[in-house]
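Consider the two complexes below, in which chain A is the common component and chain B and chain C are the respective partners.
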Partner chain A sequence: MTGRLHPGLIAFAVAVYIFLMGPLVIVIGASLSDTTYLTFPPQGLTLRWFERIFEMSAFRRTMITSFQMATLSTLLALLIGIPAAYALNRFRIALPSWLSTLFVLPVLVPEIVLGFSLLRSVQVGAGVPVFWALLIGHTLIVLPYAVRVVSAALASFDFSIEEAAISLGSPPVKTFFTIVLPNVQAGVIAAFILAFITSINDVSVSLFLTGPGISTLPIQILAHVEQFFDPVVASVSVLLMVLTVAVMAVVERTLGLTFLAK
Partner chain B sequence: MKRLAGWTMSAPATLLVALCLIVPVTATIAATFVTGQGPFAAYAAFFGSGFRRAVLIRTLEIAGATTILSLLIGFLTAYVVSRAPPRWRSILIIMAVFPLLTGVVVRSFAWLIILGRNGIVNNTLVGLGITAEPLPMIYTQGSVIVAMVYLFVPLMVLTLVGVLENIPDDVIQAAQSLGAGPFATFREVIFPLAVPGLIVGAVLVFTGSFTSYATPQLLGGERQMVMGTLLHQRAMVAFDWPGAATISAIMVAVTLAVVLGMTRVAKRLNPMAT
Partner chain C sequence: MAEVRLTGVTKRFGRDVGIEDVTLTVPDGAFVVLLGPTGAGKTTTLRLISGLETPDAGEIAIGGHVVNDLTPAQRDVAMVFQQYSLYPHMTVRDNLAFPLRSPILKTPKDAIAARVREVAEVLHIAHKLDNKATALSGGEMQRVSIGRALVRQPQLFLMDEPLSSLDAKLRSDLRIELKRIQADLGATLLYVTHDQIEAMTMATHVGVLDRGRLVQFGPPKEIYENPASLYVAGRLGLPRINALPAGLFPGAPAGAKTIGLRPEHIAQGEGQPARVVRVEHLGDQTRLHLTLDGHDVITLTDVHTDLGPGDTVAVAPRNPLYFDARGARIT
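Right after this comes the complex of A and B.
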């Protein structure tokens, strides 16, 4: 796309990007401050707040829970989401059109309402233990990514390749793993990453489902900020940003980063 | 045969959504109509309370302001990104994706460091002698809106860059060769073609900010209670589950109305639709 841009517009966009990046830079700065309160620019430089995270059992425990939740819910969502995405594409005509809408419902229903409803019906009503209720909640909110992103990848897959393999004697299940799955690999990786990030950052569903002894990192951060205004939270935030950068690096290596913008 | 195979493969995911989303959410909403004091008693109680009405109105105001500001900022920024040289364009897109992948808690918390009592803004103002005392900036409606705009601008930019990139060069050149200046081209060609994208962006931002919890909790606290924080307070602090269910039902109703209403508008306005 060619054409000149008005200098005023460019200046505006630069200002917007400073607005987007500034707060993140400030969090990094605040995490290094050698003060007991949060401040920017940092006064004195120290890494002790990063050590402090691992000394505090509440952060250690919730970090582990968050990783478990993100990994398990993403794998579960892919396990049930990939066959659903396959069915939606392969048997499109045989299935009702509302079925694909069904899998987007977790995005349409306000997350906080879903969290409260899961507390009422699943945790209290059906007596599901905290860990499993939390896992159900997380699997639900990441399921749309698994179904939609894999489905988008399958939409451009030529199913006649699969039919050719089957007609040449390859068993259907083996064909799925050797022919179909490798062709939609990029979609599966993208779905994994989006789902993982969504789970690890979730607040609204976890808010209602965490219980005594089991909490997730974002909920712990919220609870900590309400009591103490020290740089520990800034350093935890930096760790989460590092995780995001790592994820983006993986995407860059495997798919190219502009993939995420599609 | 195909029918059976299709249903079997989608059965686990369908069952999960049906049993753990549709049933619980429907149960929550149904409970608001079965209070033992007539079907609409729960809603009469909600709208009869001046405080709760104020919370609903405040939430609508915050969501509305966030949507309008994000639309304006996002549209102009996305326009620049879509017309930038290819190498710059990918850098700018990455810089918009990064905040989006960073969690809501981290991004809201950042504004506490900026707007807090000992935050950057206050330290600067006091340091320059503009004010003697730090200004109370957090726990105001403005601070919640600023943080929410910050939260949603990247989403708006990414939604609109795709739409703006898809406007064919020919259309713009045609307008220009017919004598349209840059402003007329923008108003008469680019903007109308971007309307469907603007509607999608507006729906995402409005429903997202209307139902948000972490940002208003951190930057608004109890003084700027919104539907999300009120729902949490009713359910987990006051243990008033019927009250929380009513708030849930109203949130679902508003979200559905916005999604369905705007989808209608989008269909009518889409100039590419035949």
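Right after this comes the complex of A and C.
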């Protein structure tokens, strides 16, 4: 390092880091506390609250549901979102400009409103079972991320490359998988991660759509906090973070290296 | 056999005209150069023939078969793009092999490898086969993009300024190479360029486009010596044809507004006095920049001329071309 940094700048940077890291440190600390109530700094260290999670079937069950929802809704959103993003970019000149805005709408509508209307129309109105209604809701809230992020990757893709392949005798579908997709791979992975995190952390939409027997982890945490004040909440949160990071690492590793590439 | 026939082909992009009512027959084995400024419809013509665009009206036939409803893959054409359009995630080898891995062709693996090597050697990129396509110089990328079209040995090549970003030496090498390849394969080639020398040396036919319309089509010699309009006359020849008011010299036919004088069609030592502005010694030729009654005139003169700026020289037209007020040729 050459030149001297202003001490104020260093202080500011440190403050930002503390602001970002603080909640994580507090949650992790509280989850290890050997007390029957949430406290920080932890008093004594124990892993007993982590064991407790697995003794409570509600946490086990909702954790599985949450991961199912996140995985399925993300895959569904990509299945819809990648072709949509492709069409929006490929035919940008021919299509009206408001069409791409359409895919952002679910983000603009307050999630509470979205959840409530889905409850009224899909679950109560159409009689769709809880699991599927929840899946529809989650797909709807993660779809904008899938479309926007894949769109951003496609926006910098030179479609003349695709045209070159097609003019050289490659069929359109093969061209899409061997020429277009490998070049927007990073965008697809980023969309997957964003959509997955959005789904697994969702409260507002899930709050309305969860029902008897089927709930997601954040809703279960909410329900638990309303009744108890023990460090289980903190340990569940830590577990959720660890699992999320693990999924991201796996996605990055597997999709990042071999995804659709031949 | 790959004769290409366009009949009344029109393509518009919204309100803009791509090409308008183009009728054109490219004989089998011809090397056709399309000339015209940016926006004249050269690239659109290639894209329509390749199948990347569909015409609004008219018929396109390759080898006697109407191809309007065929996909690009079914047309057996290969297009070379001006901006290379290489597959960035692949090596040079895979870029070249990709067209051969088409399910329609079913080329065996060792045949693909042999073909790729052969083409790479012709284009002097054999040593770069294992490079990523993005790790090449502009000239190398352009050669890979030409190679990608060559590997397939199609009936028809469509090339959009394929030599534009090469240096002079490589350009003249590849010019000869392309001409040889085309003659060997007996393939038909449509070629877009701005380069005069490419047009004159490679083409068997030149098509001149003006705002989407084909204004003249014929052998380069005919286009050069017998242009149908002032516009066509201005497209070939370097230095460009001198376009002067017809009344500047005696003997203009009735209705002539402009006299077109190729630099080599100006006799010196007789006629109107002109002042020398600048003398350019190019080695094999010497260009004389003159002003005649306030009009700039460029002509050629003796390589060892003694003329210098400020001198006066008398000039008179030889084999002039006359054009009317609308730019059409008067014969």
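Please note the rule applied: the second predicted complex is superposed on the first by the 229 of 262 C-alpha atoms of A that agree within 3 Å, B and C clash if a C-alpha of one lies under 4 Å from a C-alpha of the other, contacts with A are read in each partner's own complex, and residues count from 1 in each chain.
Following the convention adopted for this analysis, a contact is a pair of C-beta atoms (placed from the backbone, for glycine too) under 8 Å apart; a residue touches a chain by one contact, two chains touch by 3 or more.
Keep in mind the model is a prediction, meaning the values are calculated, not measured.
Touch criterion met: A:237 reaches chain B, while chain C stays clear of it.
Residue contacts after overlaying the shared chain place A:9 against chain B, while chain C stays out of touching range. Set against each other, chain B and chain C differ in how many residues of chain A they touch, and the higher count belongs to B. By the touch criterion defined above, A:118 reaches chain B but does not reach chain C. Of the two partner chains, chain B is the only one touched by A:23; chain C is not.
Within the superposed three-chain model, A:170 lies in touch with chain C and out of touch with chain B [touch as defined at top]. In the superposed model, A:45 lies in contact with neither chain B nor chain C.
Applying the stated contact rule after C-alpha superposition, one finds that A:207 touches chain B and leaves chain C untouched. Annotation: chain A residues 261 touch chain B in one complex and chain C in the other. On chain A, the positions that touch chain C within their shared complex are 158, 160-161, 163-172, 174, 178-179, 182-183, 261. Listed in rising order, the residues of chain C touching chain A in the complex are 50-52, 71-73, 76-79, 81, 83, 85-89, 98-99, 102-105, 145, 148-149, 152, 158.
Listed in rising order, the residues of chain B touching chain A in the complex are 2-3, 5-7, 9-10, 12-14, 16-18, 20-25, 27-28, 31, 73, 76-77, 79-84, 90, 92-99, 101-107, 109-114, 116, 118-120, 123, 150, 153-154, 158, 161-162, 165, 169, 172, 182, 207, 210-214, 217-218, 228, 231-232, 235-236, 241, 244-245, 248, 251-252, 255-256, 259. Every residue of chain A that touches chain B in the complex is listed here, in rising order: 1-3, 5-6, 9-10, 12-13, 16-17, 19-21, 23-24, 26-27, 30, 37-40, 79-81, 83-84, 86-88, 90-91, 93-95, 99, 102-103, 105-106, 108-114, 116-122, 125, 136, 139-140, 143, 147, 197, 200-201, 203-204, 207-208, 218, 221-222, 225, 229, 233-234, 237, 240-241, 244-245, 247-248, 257-258, 260-262.
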